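Quick heads-up: structures coming right below.
Next come two complexes, and both contain chain A; in the first it sits with chain B, in the second with chain C.
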Partner chain A sequence: MYGKSLTRGFRKYRGPKARIQPADSDSLEANLRLNQERLKQIFSNTPDLIHRHFILKANQCQALLVYLEGLSDKNAINRDILHPLKQSAAEINEENDFPATIGEIHRVSGWQQIERLLFAGYSILFVDGQSLAYGCGTQGWPQRAIEDPQLETSLKGAHQGFVETGSANIALIRRYIQNRELKIKEFTVGARSQTRLSILYLSDVANAHTLGVLEDRIRKLDVDAVINTGELAELIEDSPFSPFPQLILTERPDAASSQILQGKFVVVVDRSPSVLVGPANFISFFQSVDDYSTRWTIATFIRFLRLLAFFAAILLPAIYIAVVSFHFEVIPMKLLSTIGQSRAKVPFPPYMEAVFMELTLEMLREAGVRLPAPVGQTVGIVGGIVIGQAIVQAGLISNIMVVVVAFTAISSFILPNYDMGAAVRLVRFAMMLFASLFGFVGIVIGLLTLIAHLLSLQSLGVPYSTPFGPVRFSDWKDTMVRLPLWLMKNRPTSSNAQQDKRQGDTGHQEGDKSK
Partner chain B sequence: MNQLEKHSLSFLQFVFIIAGIQISIAVLSTPREVSLIAGTDGWITIIIGWLITSIPSFVVFKIMQRSSEGTILDLLRKKLGRWIAILFTLIMAVYLGAMAYIGLLRTLLIIRVWLLQNTSPFVVLLLLFIPTYIVAREGPKLLGRYAEVIFYFLFWLPLVYLLPMKQGRWLNLIPIAKEGWGPILSAVPGVLFAYTGFSVAFFLYPHLTNKQYAGVGILLANTITMATNLLIAIVCFMYFSPNEMVEINQPVITVLKTIQFKFVERIEVIFISLYIGIYSLVWIPCLYYMAYCLNWVRNGSGERKYLIGLLILIGIGTYIFIPTFNQSDWLEHHLTNFGIVVEYILPIAIWICLVINERMRQEGQPG
Partner chain C sequence: MRKSMRITMILLMFLLFLLFLLFLSGCGDKIDLEEAAVPLAAGIDLDENNKLRFYVSNPVFGDKSNDVQQYNIPVTSLRESRSLQDAYTSGALEGRNYQVYVVGRKLLQHEDWFKILDVIFRDARNTVLDRMVAFDGPVEEMFAVKPKEQPPLPAILRGMVDSKSKRGTTVLTTLQDMHRQIYEEGLTPVLSEVDYDSKQKSFRLLGTALLTHKGKYAASLGYQESVLLNLLKKKATKGVNLSFAIPGEPNADVFELDRASFGIRKIKTKIVSSYSDNRFRFRVQMKVSAALTEQLFKYDIQKHADILEAQLTQQMQDQLEKLIRKFQRNRIDPVGFGIYARAYQYQHFKPLEEEWGEVFSHAEVDFDVHVKIISMGTIR
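Let's turn to the complex of A and B:
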């Protein structure tokens, strides 16, 4: 099984834990001055660490409040900590109720914990003569307002997208699933910067084995920090060498919630505006939230369009190359002469023509993605010259090639998932290579390879290509077609749910018709 | 999870693996083979062949019922001893290897004749090895899924033969048995080749989830094969005159030439390309099970090494020498005889041995 061991080696990122120096002694001193020196030693060159000295009235002793500016809510500190502490008559010690009007208070005695709390936005109170500090929950970092999702826009779905705060994202999902079976497992990952990962799932529905696989992979992570959900996906996916995405990244709370209800797992990564959904299967990259809010006949039609687009985006340039350079006897005489006429002036062989145009298209797309909107329009205008009439008139590219390229471009953008669209664009080039060397034989063998590859993929240990291979007809209700919701009584078997039944007799059942 | 659970096969996957081997090994040659001896009555031969095949199929099922935990090899080792098991394994390995080689060879030859005259078959072979390796390295689980998906993708391919049927003449088929039953029966051994492949059930059985349906599964696979071959043979007989049938080298492909659409001419080019998909259903499982057999004999740790070795061996062999069509016909003829021995006679012999063995043990025990 060298494939497995290779994967493991890839996933195991050796290191940084050993690089971080542990403190000499972890416990606090009972002397404020010593503690303050230690604090300065740990946080050298940290100008945003605010020190506030004051006299505690009740204890009649020195106290020190520290917090990181910018990560903490200043109003809360002034109003709910400093003010009550200066006024309060109750002595602060281990037993008494802490007088600050703050919900979350931690009593800490170790420097490592203090460090972690400070970086998480807590403010820490040191009292002279006590070898104990008080961490107050005053987190308040710069936040973005909840906005429409950028990448996955929807016509009829909700207009709230995930933001960069993990707890807010969890709250957004909780709004959809108000059930005590929605469990959250928290992990802290990263040696340099602790990233909070939360696995959300329905404990009486989701498969325990898959949960074990997911937890295991997250536990094995040993990295500096997880900056983005995409990084996490790459670190824990099953086959890192495959072009296809094996876990869904979504920025839509409604999509994530509906996946949880199907028995899947959602990983919320703190500081990242998208969440990870797994186990994913191939067809789930063709489903969008809007499919369930439009009429099922229309949604079915759109599903067909997407599958058609998938094949067109992969195969169309390859077929063009194969037909023009190998099997021109396949096309009828009239069409052949049209193609001949349009190619007469073109100096390049068909595969160069196709590769050149497809590369141009990819460049245009990539140029447009990261440009600010006012400049982005320029790309559109210039792109029209490169993929358009001008290049044909210049005699560089044939008319038909321009049509083919435009068609594949549209096809690859129809796919609702960006990652799948990107995979399709990459696979297309491989197909073009096969076609330019072996014609139709190359295309068919390429397709067989693609099928074999998709069949061999797994997502969190669950077959990726269900319900097509292994075939599960009961799941086909929501694949190439989207049957009415009241027919989908069971959860898809591909998520291996413990509880199959999703809904009872809802809506238009036989019982209703008698009325 | 042990090996068997991890590689469980559903009923349809089981059927499709077997039917895949059967159909792809001989679908292009059967109509001509039978018409050489039996003329246009060949379709009767196909049905007779199907009836005959049911017997060893059932015997295979009967044998495997004794072994739900391992393949035939483990069963033989337990019941008849290590050396008989090894002998059987080696026979199976050679046989499966020959099937895989013939399948690959046929594909290469057809690609060279019909599609890519200027490309070296060796390069095409290397290309074919990519999907082969991806599927075969994962074992029965993926073999099943692959066979299933290819079947659903390409099941319409035989139905295309209904199109030339319009131009065919039913008169070619009658009178039935115009030369008497002699030629029809004497063509039967040749047609049995079209049904070889069901002995893979020896290896697939332990993976099957519903083992009680295994017998039905093999019969269903035989029936699918029979129906496909029958359809294509009848279309060929109707379309070509009895004399033409023998003269044309590949009637099954030539008949497609007549199909024309407004937007596609020479549609057979596309169909032959798609046939590669069907053909891959013979060499992928056969190569895997050959590797399995070799690995079993050596008590090795994994089939993958042997699989890579086999691929390299076939690659080198093809690089040095590629048989012509006539030579491959000769090979196929001998493989037919070999197949009849391995798949029709051997299972019955094993079954008799097993039954005698069990009787003797029962008598040996004091009742």
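Let's turn to the complex of A and C:
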């Protein structure tokens, strides 16, 4: 049953990677001058490739050290390679210990590998008379310090977010899961970008079949570059035409770790400050790290609030349109005159009014995102005043519509996941269209279509709308409500874990009289 | 390559389709709120030439708040004249938001007027939860009042009926209720009754209007009588107030100081029916737990509560009996004793169901009231 979904939704595999012309001959020459010429030929117009010629004292011959400026740690090169090599009496050859005080040394004999190492920040040492080069691990590129996550801020969670270095991100996750069962599978994707992808999972918990699906999809990728995790998600997701995100992107190591512990998979994309979590289900987009560090009653209340906000954000403008153009008998008498009066001056039909306002809101939001913080604030003020007051006074939009738009805006920002919030904003327009054509009937049709669509979705071959469809009652403890942690003894069944149990009789059990 | 082009084409077509949808006007029955006339109150009555007239009160959505458009239209039947009604409004008249439906006294003088309202029930778009109100006077007068200082007509009337029926001083009869009451043999219809106090320039709730089976006006009830009617109908339970004059207590000067009022905390009403000697007999048991709210004369309740209880019981029983005599005189049964008769004395009721009002006027109704004072208030 998974066979079809495997091939669904991604680009066809176009055979071997043939777009980049391989060199005529891959092996190195035993002559430094020839090698240097070859190097110049491969790296033409590459001024940041530093060549350093010197005499190797022990070998009594010419040597050449090359590295890409900016990608390598200059201090390490000076201190740990050049200095020891110039002092050392030991001869450098295949058998001897390499005298540099560097942890990682590769002995390479092919140009392709040299190329890859250079771009990864290694420095390469060529020795005259040897058809072998030495790659030294001197990576050191510009890095950002670990900061608070920007998009998924949390009140009580950790304040460390992922950064742009894959190995650092893996380390951040390892800090949470210090277990040898945490396995990492590495892939290199992107013919031109050579992006390192690492799948992290607990080998004795995570489902092997799902891992197979994920690996298979990553292996079949044949693209120039994967710049960002979002690109990867789009390339490997199950239904590319759905508005809903089917894989979670998170920039929080704690969130990613807790997903791994549930038996899910995390894909760390090197150079991208967010990781991919899958398989995801619909309700997991409503869960936030803070839910588990606040008291469970409050967390439950907030969960309800989010679901309410989800429906409000999708339906509120649609309901407004339906009520004002079709079903005004449902408006209570006192509200009727209020709505009637605010609508009376407006020259547009309700649908146009709503679309206009919602589009304005989206523009304001987008403008605020793109602008630097101080200017972004100005946009907020201008938007608030122009939209809030002037447009109503000018008689272009009714008061009630402004209230509706404001409410929906707040609702869509309550959702803890940005991608889900964006999906909601898009679905809203479809709902408004349905409502303007068929009133409440249209809204019902739209909602049913939406539910049917959600039920049909899959994430890495696992049903997207579990635990609601297929129904898994034991998982409902952590859905619309968030029951106390000591009640969630088993991992969610939706992740099809090999081991169900995740805790024993912890905390406030019935037999525990000491409490 | 070709596959990706096809997908692009499909997406483009879909977007184009969406774009066209934008310009569709939608279903035929779509009317934007501000284009429809949304009358909140309707009335029907006969004019001086005995011609049927239809009255509506429309809120006007515009700069001036509280502005209403009120007019009356000569009609023969409500639906046939829809175009006539529409002729007076800028939009289409939609009978979907009526809050009150007023019938005039003159119309109520005639039988079978209710059949005119057929369209309200047949066309499912019309609301049937509007409060039906009998107006003591010509409805034209009511709709001619331009509410400058007070809230609009529908709001006042609806509020009046809703709040007063909770306290038992009138009944809450929606159009749907009215439909049931008209077609129910064992019951005669009741409506809340309102008039216009021209001195105070204000509408005033009078109490309850009692109609015969065929909908003809029979009698009116005041506040206390309405409360008793509601108690008999088991519609009023808690919180209603009754007030009685206790005989033998002295009056002083201009003040009537023989008054005692109580609020009902708990009441249990039981109606038992029987049939003997060619008459229906009903026995009404009422157990009232009363909380004194007012007592204008000097009396030591703590010691002699039983005497006051007996007097209150007597007064209440007298008034109830008087009320039943009033019903019987008018050959009506607003309480619905007929429903008990049908339930328990079916063989005797069935042949007489067409003329229940007449039959009820010969029935015997006994009362067994028991008032118990459970609270005397916060002062002695």
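Keep this in mind: the second predicted complex is superposed on the first by the 498 of 515 C-alpha atoms of A that agree within 3 Å, B and C clash if a C-alpha of one lies under 4 Å from a C-alpha of the other, contacts with A are read in each partner's own complex, and residues count from 1 in each chain.
Here is the rule we go by: a residue touches a chain if its C-beta (ideal position, glycine included) is under 8 Å from a C-beta of that chain, and two chains touch if they have at least 3 such contacts.
Computed from a prediction, not measured in an experiment: that's the story for all the values here.
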item: Which of chain B and chain C A:R303 touches, first, second, both or neither; value: neither
item: Which partner reaches more residues of chain A (counting touched residues only), chain B or chain C; value: B
item: Chain B versus chain C as contact partner of A:K477, first or second or both or neither; value: neither
item: Partner chain(s) touched by A:A344 [first = chain B, second = chain C, both, neither]; value: second
item: First, second, both or neither for A:E329, with chain B first and chain C second; value: both
item: First (chain B), second (chain C), both or neither touched by A:I451; value: first
item: A:F438 touches, of chain B and chain C: first, second, both or neither?; value: both
item: Footprint overlap on chain A, comparing chain B with chain C; value: 326, 329, 331, 333, 437-439
item: Chain A-facing residues of chain C, complex; value: 3, 18, 21-22, 24, 26-27, 29-34, 36, 38, 40, 59, 61-62, 65, 94, 96-97, 99, 125, 127, 152, 154-155, 158
item: Complex contacts: residues of chain A adjacent to chain C; value: 12, 324-326, 328-329, 331, 333-334, 336-337, 339-341, 343-346, 349-350, 355, 433, 436-439
item: Complex interface listing, chain A residues touching chain B; value: 1-3, 326-327, 329-333, 335, 434, 437-445, 447-449, 451-453, 455-456, 463, 465, 468-471
item: Residue numbers on chain B that touch chain A, as the complex places them; value: 10, 12-13, 111, 115-116, 119, 124, 127-128, 130-131, 134-135, 137-138, 142, 144-146, 148-150, 152-153, 262-267, 269-270, 273-274, 276-277, 280, 302, 304
